[in-house]
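Could you have a look at this structure, given as structure tokens, before my questions?
The chains carry the letters A, B, C and D, assigned in the order they are written, with residues numbered from 1 in each.
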Amino acid sequence: MTDSTTLGLVGGLLQAVVIVAGAPLLVGLMRQVRARMEGRVGAGITQPWRDLRKQFRKEPITPRGTSEVFRAAPVAMVAITLVVAAIAPFVTAASPLPGVADLFVVVALLATGTVAIALAGIDTGTAFGGMGASRETTILALVEPTALVAIFALSVRAGSTNLSAIVDSTLAEPSAVLSPAALLAAAALVLVIVAETGRLPVDNPATHLELTMVHEAMVLEYAGPDLALIELGSAMRSAVYLGLLANLFVPWGIATEAGVLALLVGVVAFVVKVGVLGAALAAAEVFLAKVRLFRVPELLAGSFLLALLAVTASYVLA
Amino acid sequence: MNTVEVALGCAAGSALLAVLAALVVRRRARPAVVGTLTAITGAAGVVAGAAALLGERFAVELPWIVPLSGIALTVDGLGAAFLAVSGAVAVAAAIYGIGYSHHGLDSRGVQATFPLFVLSLLLVPAAGSITTFLVCWELMALTSLVLVVSEHRRRAEVASAARWYAVMTHLGFVAVLIGLLILSAPADGDTFAAVRAAAADLSPAVAGTAFVLCLAGFGSKSGIVPLHAWLPRAHPEAPSHVSALMSAAMVNLGVYGIVRVGFDLLAVDAERWWWLLVLVLGAISAGYGILQAVVSTDLKRLLAHSTTENMGLVLVGVGASGLFASIGSPVLAALALTAALMHVVGHAAFKTLLFLAAGSVLHATGTRDLDSLGGLRTGMPLTTAAFGLGALAASALPPGTAFVSEWVLLQSLIHGLPAPDAAPAAAPTVTVVVLPLAVAVVALTAGLAVVTFVKAFGVGFLARPRSDAAAHAIESPATMLAGMGLAAVAATVLAVAPTLVLPTLGRVAAGLVGSPAPIADAVSVELVGVTGLLSPVLVVVALVVAAVLVVAIPRVLAGRRARREARLWDCGGGPLSPRTEYTATSFAEPLQRVFDTVLQPVQDVDVTHHQESRYLIAAVEYRRRVPDRIERHLYEPVLSFVTRWGRAGRALATGSVHRYLGYGLCTLCALMLLLVLA
Amino acid sequence: MLGLWRRIRRLGRIAEPAPEPPSTDRPDAAEQLGGSVQIRHVDAGSCNGCEIEIGAAFGPVHDGERYGARLVASPRHADALIVTGAVTRNMTEPLRRTYEAVPRPRMVVAVGDCARNCGVFAGAYGVTGPVSAVVPVDLEVPGCPPRPEAIVAALRTLTGR
Amino acid sequence: MSDTAYVQLLNLTAGAVLLCAVLVLWRRELAVIIRLFAAQGVALAALIAVLAWHEGSPELAVLAAGVAVLRAGVLPAVLRRALGTAREGTEPVREVRPVVNVAASLLAAALLTLLAFAVSRPIVELAPSPATQAVPIGMAVVLIGFFVLVTRRRAVSHLVGFLLMDNGITAVGFLTTAGIGLIVEVGVALDVLLALLVLQVLTGRMREAFGNTDLDELRELHD
């Protein structure tokens, strides 16, 4: 058993635990930041965990006329996100499953999670479920090109789409982070993340008005443990996306050799990075309003342009 | 006496036996006998292909069959791949057909044509000479045409669809004919070997013309934009197992033709612009096809459009491969070509599955309109499972069949760009400009495919039935389920263990472009020459483990209350009627709005008022159509032109015999004059 | 944007300091919730006076969320219903169905005099009766309309924070 | 200054110039567009300053200062005045409905950038140096400016488009012939000012004539 494999296994397990435990806290942190900037006190960053604990204890409800798809979707979504949380380089650069830690695979896996929830939304047969599914998949389809071209821009430098390889190449030459290519790609990926995690200005996670919902509309039928899984899953998605953004561009602190201290530093660095990113995102949201659904394509076209510029910039500006 | 020869012999024999049986066996037993024999034909084809892929070579000349040139059969690696695919699709379709044929498809003609169609599908990739190829090609076109019209008594649309198909496929045939004749003219003999030998001293102009003609002909066969117009008409109207054969096996042969001509016959004088053309056509087809699929509400039409999309992706791979070969990086060329071949195989598997499932929906409900389907999962669980599997495979999501091939394709595209600090010569401007756009197109296609199949599966099979037919649907007979089962197994195997075929296809591709094999023989997909590693089986295992954890841990930690059934949350109002559900049309509406500059949908709203007061509305009617723009702007002018000339020509034919004889005389004199002058 | 930022800096915290936690005894369902109560609001026929006060209770000044209460969009997500107004005939069945849609353990808070005893609408022809006549009520908030402080106090009784 | 730092700074400033052009295409509010144009002026000046620093030539530094004053100070001020007078009028101060919708024009900008790259690749390979490597960005800015000129309806955004083209030309000029751009720059600046004044007068006249500056109104003059 080589050194990197042990590092991969231990680190993978560790970072999965960290993400599952920390994702609700991240959501709590973001709510707290918003509350403070709106002059409120806020419920404290542990509130999401209280909500989850309560919902796990509540009674599960099966709406009549829904099928296994409806019941399986939350499990599938959380499971997929858990896999990503275990394999992508968050705490350690080495991955437990190198054959899965590929940027395409990760992006596609997260998309699969979205699809599971969308199918569940359709399966309820309510108008809101279908509406949410339709909007969510539309946004998903329009985000895909941006995501993949941005990946392209990142992987050209590393010569591979393997996440560990990209992280290592960034660690090898830190100056590349300040290159226009990297910055443009980062900007594009930020927009991708905003769209995929359903934050403002694409979707308002705190809305009560069904007609403006995207993600919420699909999960209106879930109750108790199923709902808890959904909320945990979407919290983990945000954590995973932010973690990817952080470590693809600012990987420093990530554990590269096995060792308790290295892993500890890795965990701390990861938590700090994601926390800062999340707080920044939440703070930015205070200044934003939700754009109309049919203005979203403009936003995504812009991000696609940024990604494409990132690719060409890496050739134009040697 | 090698396996390929024996297997091909068995295939031909059982096919002819099937034709005979179709003519003599009485109606009730006919589908079973014909289906079984045709399945044997397909299986023999698979065996032949597999044997040839494993290295057996086979060539035979049968001068006595066709006068003048005779028949020459040669099975090499490339042909073998397509042979095996056609055979496999045929097995599933034939078994399925046994149950499917019982409503009106068991007439002698149809039953006798089906085995011939299968046989032609097996012989086209096995053809070793241009004459043989053209003969089999035409046989394939005619038999498929007969099968397309086989339901014309039941539906009026079939006739027009068949007309479109007949015209386009024969124009395509003419193009291929001219192209191949140009190639065979300088060669001695018309075997592929001779043509290959003679191709070296073709002038670039001639070679280019020949290639473009073949591209047009073969492209129209695989539904490449702008020659796709027949495909979304003919494929839906054909009986579903025939649709499967056409959409999963026949279209592949167009790709086969392009690869055969471009990489094999004309390999020596292939030029970069050929492959750029192929790449661009492929990208356009992929994007346009999937856009049409997203907005179409007819289940089988949706699948047909998605066929155009997938063939487009294959051509993107082929074009990229040629491009890489032309800039001198054979490893990437082999990789891209492998991706294309793998996508052909995967597409064959899941498109068969999807068409067969759609057929069993049609069989059970009598409708293909997604807007009136829904809730089929209760009535036909197995079909639902089959279609769900196919949808997952088609939407390029892990763990799905198409994901593997698209991953390999993307890998080749991405590694096509060398590191930025490499010498400019290593990265010609064209690649730096084209590759990112190609990646973007593939990505957009993947995204839209997700929407398409979420729509098809979710709206068509989940939720609540939108019509009585859908509410009372019952599961299909066992043979149909068996056909679907075979396709489902194939799709699953290809998704989880793609390395059963990938390295072999890699060797085929490598042999064509002259490079080392691009994919290592391992459990996980491991690229050779460039870094890239994907192991689908690990993805599956990881997902299963994670799912178990996710189910188990909360139960252990938080206990569990009893599940309660409750009425759907209808905001406290009355029970929701199916009319409040999202339909396929409404599901695709946002995308249609986003892309309305491309699609230009036609929609109109009529409001009928009460006669008492214009403020009271009696009814609101909303109609929306998404006409095919390319068709409107490319085909209709041509058609109107042709009809105009037809009208003009009618003036010549007054019906008087003397005038007709006069025409004859004039022609005769004109010819003699010509002879005198010459 | 900068202007908004400056205003945020200038205003700082608007919320008033938390008053003493209420001493009223909690319904035992509330004990199982552990400091997190998600609330679905149902207007069973109110004059919207109570709605305004509920809005105020979740506004920045009183900030009901700081005690772990949150308004949600669907009764499936909810632990408690806040019902306002005398239950009209047309809202009787919807109210019952909404209650059925809430997963157990569940509670009902009747906010305002109308919800408690139909207030001035008692005996009106369109009124079925008070909320307690349709669904079991766990907690009542008097007042017409009740002050936001009272509503916040009721929420704190549920969350126990 | 160290070579890598020079390259980094050069690239960053060039990237900023391009980014401003793209954002002009993205945003609708005319005020924001003008601010973006000013930002681009700053970036351009910074670019020239970096060149000056690297070459250690004082006149380049002077030019950088001049560019900063003109592109980031004077021209935006003039534009704002035009906008201010527009505000007093009844017309909206946003690019309400461009000829090509925003999403499409962003994709068009992407293609234009690729085109610029493809076109200027040979030029770059004549004398590959960090400065010339950035030439395609100047080209792209020129093309995007032209695109703005073509597809935007409001006179002010037309002016901005025109000025974007000019910025792009200036950038190309400095990146290729660093140092002797003085005469070029002065001449360009002068005729820009001239054109700007002309258009300024035109917009004034138009507002008097039609009450707003939607250039489609000019069709009226045709007959």
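Basically, a contact is a pair of C-beta atoms (placed from the backbone, for glycine too) under 8 Å apart; a residue touches a chain by one contact, two chains touch by 3 or more.
In UniProt terms, the chains line up like this: D = Hydrogenase-4 component E.
As the structure is a prediction and not an experimental result, all values here were calculated from the model.
S.K.: Could you name all chains that are in contact with chain A and with chain B at the same time?
M.R.: The common neighbours are C, D.
S.K.: Between chain A and chain D, what's the gap in Å when you average each chain's C-alpha atoms?
M.R.: Spacing between the chain centres: roughly 37 Å.
S.K.: Mind checking the centre-to-centre distance between chain C and chain D? Centres are C-alpha means, answer in whole Å.
M.R.: So the centroids are 57 Å from each other.
S.K.: Cα centroid separation between chain B and chain D, in whole Å?
M.R.: Using C-alpha averages as centres, the distance is 49 Å.
S.K.: Using mean C-alpha positions as chain centres, tell me how far chain B is from chain C in Å, no decimals.
M.R.: 59
S.K.: Please list all residues of chain C that touch 2 or more other chains.
M.R.: 74, 76, 101, 103-104
S.K.: Can you list every residue of chain A that touches 2 or more other chains, as numbers and ranges?
M.R.: As it turns out, chain A has residues touching two or more other chains at 53, 57-61, 220-221, 224, 297, 304, 308, 312, 315, 318.
S.K.: Among all residues of chain D, which ones touch two or more of the remaining chains?
M.R.: In chain D, residues 101, 103-104, 114, 117 touch at least two other chains, as defined above.
S.K.: Looking at which chains touch, is this a line, ring, star, complete or other?
M.R.: other
S.K.: Go ahead and list every pair of chains that touch.
M.R.: The set of touching chain pairs is A-B, A-C, A-D, B-C, B-D.
S.K.: For chain C, which residues are in contact with chain B within the complex?
M.R.: Of all residues in chain C, those touching chain B are 74-76, 93-95, 97-98, 100-101, 103-104.
S.K.: In the complex, go through chain A and note every residue touching chain C.
M.R.: For chain A paired with chain C, touching residues are 35-44, 47, 50-51, 53-54, 57-61, 207-210, 213, 216, 220-224, 227, 286-287.
S.K.: Going by the contact rule set out above, which residues of chain C touch chain A in the complex?
M.R.: My answer: residues 1, 4-5, 8, 11-15, 18, 32-36, 38, 60, 63, 65-68, 70-74, 76-77, 79, 101, 103-105.
S.K.: List the residues on chain B that touch chain D in their complex, please.
M.R.: Chain B reaches chain D through residues 424, 429-430, 432-433, 436-437, 594, 597.
S.K.: Note which residues of chain B are touching chain A in the complex, please.
M.R.: 374-375, 377-378, 395-398, 403, 407, 410-411, 414-415, 417, 419-421, 427, 432, 436, 439-440, 442-444, 446-448, 450-451, 454-455, 457-459, 462-464, 524, 530-535, 538-539, 542-543, 546-547, 549-551, 554, 557-570, 576, 578, 580-582, 586-591, 593-594
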